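Input: structures, listed below.
One chain, subunit A, appears in both complexes that follow, with subunit B as partner in the first and subunit C in the second.
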Partner chain A sequence: MTEFLLTLAILAGINVLLACGFNLILGYGGLVSVAQPVFYAIGAYSSALISMKLGVPVPLAMILGALIAAIASIGLSLPSLRVSGDYLVIASMGFQLGIVHIINNVEITGAASGLSGIVSAVESPSRSMIYAVILMCICAVTIFAIRWLVTGPYGRAITAMRNDEDVFASLGRDAVRIKVTLFAVGSGLAGLAGGLYAHYFLFLTPDQYGIFSSATLLTMVVVGGAATVRGPVLGAIFLTVLPEAIRFLDLPIAVMAPLQGALFTGLVILFLFVKPEGLFGGKAGGGLDAWQGRDTGGSGRKGVK
Partner chain B sequence: MLSARGLTKHFGGVVVADALDIDLMPGEIVALIGPNGAGKTTLFNMLTGFVRPDAGTILFAGERVESLASHQRARLGLARTWQRPRLFESLSLVDNLMIADRDYPGERLLEMVSRPWHVRDSEIKGRERAEQLLARVGLATRADGRSTRLSYGQQKLVGLARALMNDGRCILLDEPMAGVEGRTVETMKEVVRDEAAAGKAVCIVEHNIGFIRDICDRAIFMFNGKIVAEGSVGDLLADKRLTALYFGSHQ
Partner chain C sequence: MNRISASQISRRSILAAPLVLGMPYVIGRAEAQNEPLRFGVADPLTGPSAIFGLDQMQAVRWAVEDINAAGGVNGRKLEAIIVDHQAKPDVGIAVVTRLIQVDKVPAFITAFSNVVKAVAPIANREKALMLSVGANSPDIKNLGDYVYTTFPLADVDMRALGSWLYTKQNKRKAAVLYVNHETGTEGAKVFTAAFKAAGGEVVLNESYEEQRSDFTGLVLKVRAANPDIVHIHSVISDFTAIVAQMRQLGLNTQVTSFQTAFNPKMIQELGKGAEGIIVTAMAPSAEDNANVPKYLERWQAAHKREPIGLPYTQYFHDAPYIMAALFKHVLDQKQPVTGENMRKALLAIRSFDLPLTNRITFNDDHTVNAPTYFWQVKDGKFQVVGKL
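Presenting the complex of A and B:
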């Protein structure tokens, strides 16, 4: 039972990193992307393979995995955002499908049967306990770093960009640069989460990183409260624990799997309509409202007055 | 200072700008007048990079800028305001201005991390300048409040102050007087005059004839996407033909 709870805590920690990263992209950057799980995958596979094949120490491999994910994200965001934010949605879908397809078909990643034999980060009888503590520390550092990022000079720029992007540009501020940066930081966090997953669970399969994973992350951010610091943290914990709690209901697997899917998608739709600021958002000026409230409307150069 | 040649823009079959030439000189206040729909704001949008002209060149501070993005032109010292104040509502007034500092290292994450002292320095200087500018428009005491608590005229003044934060060479004002009344009228005039006196090129789209007469050195009259007359404010206002165009020819 302790082992189960520790594993759950580790999963929650990994999801907190993923959701916080996705929140930087979706909530603060206003960038609609479905590709967050792909950067999770890139981080996981890179870190696992770098440590396995090159003998690089695990912590360093994890950092390299995060960096690779961040750099890969620039390859997706920069060309799309140069054209328009709308292209990013489509480009991210293609990117998601493409990378998962590659992982599924390349020998080095173990293809569809998965990658095993990954080096463990911690070798100890109380491995789970140590790992849970490490993860909590990483989460705490991440949350404080994000708080620092979204307040202060950089946060001022993000807020202004969300309020009115045209005016923001007219004052000499580069919105594309900020969006690409937020996308890279968010993807880097996903990459780090990937490495942390890989070196604890020691087994990766490509089907973990599909569209269902995108939907789960979206739910965590939206239900918790996009564009707030604590929202995605609490959303991630809540939605990691909830499915496990449902498991205790002892329903047959044929009911369970669809129930979880319906629950997640249902929650997103419910929250977008009823409580767009999220469960833990609350304060005005946060949440997705800041985007809806800007006065140039969704896209394009129309209405420049 | 700023000199555009042959700026042309079609929206579908409609010509909103037809080979426009415009020159703005340091220290001069130019009025851009004409009826609604004449293409005045479109001209501003082309000069500042929000509308891409189909043809034409723009020379600003010795550089060709027609293919630069809006933010790049702003960083060369080209500032503008909007018909509506368009303040950042989630930010305080002083933050509204600080974000408009021409070089704002706080928007670059790498610099935030690698040169924190430089960013801190620029924050302190930026706040000082922002507070001075707010004092110039008589809103020093409201610096830490939100824009939503201000009157419309006061919001326009903050919009002007925010554009001045750029401290560039040229400033384009889109209907600065629309919705402005009372004491703010004099403040607006005074600030614009001071800017020109400090050597900035100023261009104003405005319908308030009194304001134009009081502060503008030269006027350009636009109609249907064309510049139809250019000269001293007095001459243009005395021209019966232009009055007819402005108010509709049947009068």
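Presenting the complex of A and C:
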């Protein structure tokens, strides 16, 4: 049982990193992209292949995987300089489908058959315990770093850009730089999460990075509370543990299947209508309010950008 | 609060203490000896692949019932803990982790190549014996010490089909269509190589992405290539859609596929369009196994139909018999029931005489061999037309 709980904790930690990165882009930046799982994939495959093919030590391979994901994000952040809102969603969807298609057809990634034989990060009888502790430390550092970023002057600049890009630009501030940076940091975190996943679970397949993963991530951020530091963290933990808890109820398959399926899609809709600030968003400042510019009390332009 | 002072502790109570303290251990041991012998089964029970998984689980349940009705394993009941992996690797990792770490099964059976590959590192790391029953990617033989397949891999039946079509059916030009996922790419690769090696020409080799519904472009390419045979290596829904669109566009070329197309529902849906389709199967037919007709009667009596994917269900039906033999070997050797000892038992026994799949012998490379049967749809039913 301990081993099972540790595996669950590792998965939750990986999802925390993913959700925190996505929250920077979607929650704080107001940039509605669905391509976050692709950066997760880029980090996972890069890290796995660098360690397998070049013999690079796993921790270094993970860092390189995160950097490659951050650099690859320019492929999406550049179009976002010209488009926002619905158009960015479409651009990001195209980006995601394109990259997954490439992974699905390139031999070096194992193509549709998946990539196996990945080097394990830790070889020890206490492998899961060690991995869980390392992951918790990485998560803690990430959460504090994000908190520091968004509560400081740079965070206020991000909020101002999200609430009214035109006014922000008229003040002589560079929105382009902020967008590119947000995408790079958010995608880099996803890449790091990918590397951590690859070197623990030791198998990757393109199926894992489709549109369903985007929906799962969106649910974690929205249910937890977008544009807040703790919301996506707790949303990620909640939505990692909940499906496993449901499995332990041993419900009949006829009940279990629709319940699991509806969980991720239904919760987003429910929360946007009933509790737009998310479970842990607080009374003001998170979720839909933030996107609509109501958190600053300023004359933010209505509508999600 | 009641406290016992040192003076109140008698010599008798000191002597009795170890007995009292030891009771839970003794009771626990006795209970353990009567506990069922549990193994795991992970298969898709929901989602698009559940059409196969549900019938495969029926076969497993019947086998476990029959084994227990015949006295179980050394007087102990056999129990299958069945979980749903939805044919998704990430779900497979979650449910297999639970099987090994929470339910503490020493061995489990599973299927679907993408899931088998995803959970293989867990089986190896946790030293739990995994029997792949129904996944046919040739890579499965290289997945590690604790991964064995009871099911012949694609390099057996697709190699046989490629050769048989050229030598026995006089087919010279083949078009190969396959879905771009694990099963499709690997199976198509082996078939293409085998057909070419036999002397045939592959005039079209086209993949398509999953979840596609319109195959008109592919079918028009097939027509332009003018092959003698169209081999489709795909999931059953796509297979049916491709053949239906071929027939609608007036293309009546002979079609072949693998065991996934061994499906009575496919014949129902395609009607006359299914006539002539040839599929492979690696489980014995009624001519080679006297239990198969009784097994089919059981299906008719319980569900008023044949099972979906008959050959797969035969292998699933027989997997609990392998588990029972492994448990028996371990118990007879008076060893603890662990994954390590189950694996040792498999290597010690090697050959198993099974009710629906005859005798199987595990090779050193973790695979088994079996003859390939060729079935053809004739008058709305599958009939055996060859064996290699």
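Throughout what follows, the second predicted complex is superposed on the first by the 278 of 305 C-alpha atoms of A that agree within 3 Å, B and C clash if a C-alpha of one lies under 4 Å from a C-alpha of the other, contacts with A are read in each partner's own complex, and residues count from 1 in each chain.
What we mean here is this: a contact is a pair of C-beta atoms (placed from the backbone, for glycine too) under 8 Å apart; a residue touches a chain by one contact, two chains touch by 3 or more.
Model, not experiment: these values are computed from the prediction.
K.L.:
Name the contact category of A:T7: first (subunit B only), second (subunit C only), both, or neither.
P.N.:
The second partner, subunit C, only.
K.L.:
For A:S113, decide between first (touching subunit B), second (touching subunit C), both and neither.
P.N.:
In the superposition, A:S113 touches subunit C alone.
K.L.:
So in the superposed three-chain picture, is A:R173 touching just subunit B, just subunit C, both, or none of them (first/second/both/neither)?
P.N.:
After superposition on chain A, A:R173 lies in contact with subunit B alone.
K.L.:
Which holds for A:N163: it touches subunit B only (first), subunit C only (second), both, or neither?
P.N.:
In the superposed model, A:N163 contacts subunit B only, not subunit C.
K.L.:
When the two structures are overlaid on chain A, which partner does A:T265 contact: first (subunit B), second (subunit C), both, or neither?
P.N.:
neither
K.L.:
Going by the contact rule at the top, pick out the subunit C residues touching subunit A in the complex.
P.N.:
Within the complex, subunit C contacts subunit A at residues 45-47, 84, 88-90, 93-95, 97-98, 101-102, 113-114, 117-118, 120-121, 125-126, 137, 139, 143, 180-182, 184-186, 209.
K.L.:
Along subunit B, where are the residues that touch subunit A in the complex?
P.N.:
Counting only subunit B, the residues touching subunit A are 41, 45, 48-51, 69-71, 74-75, 79-80, 82-84, 86, 88-91, 95-96, 98-100, 102, 104-109, 112, 119, 123, 162-163, 165-166, 174.
K.L.:
Which residues, counting only subunit A, touch subunit B once they are in their complex?
P.N.:
Listed in rising order, the residues are 149, 152-154, 156-157, 159-160, 162-164, 166-175, 177-178, 181, 185, 285, 290, 293, 295, 301, 304-305.
K.L.:
State the interface residues of subunit A toward subunit C in the complex, per the touch definition above.
P.N.:
1, 3-4, 7, 11, 101, 104-105, 111-114, 116, 127, 201-203, 205, 207-208, 243-244, 247, 253, 256-257, 260
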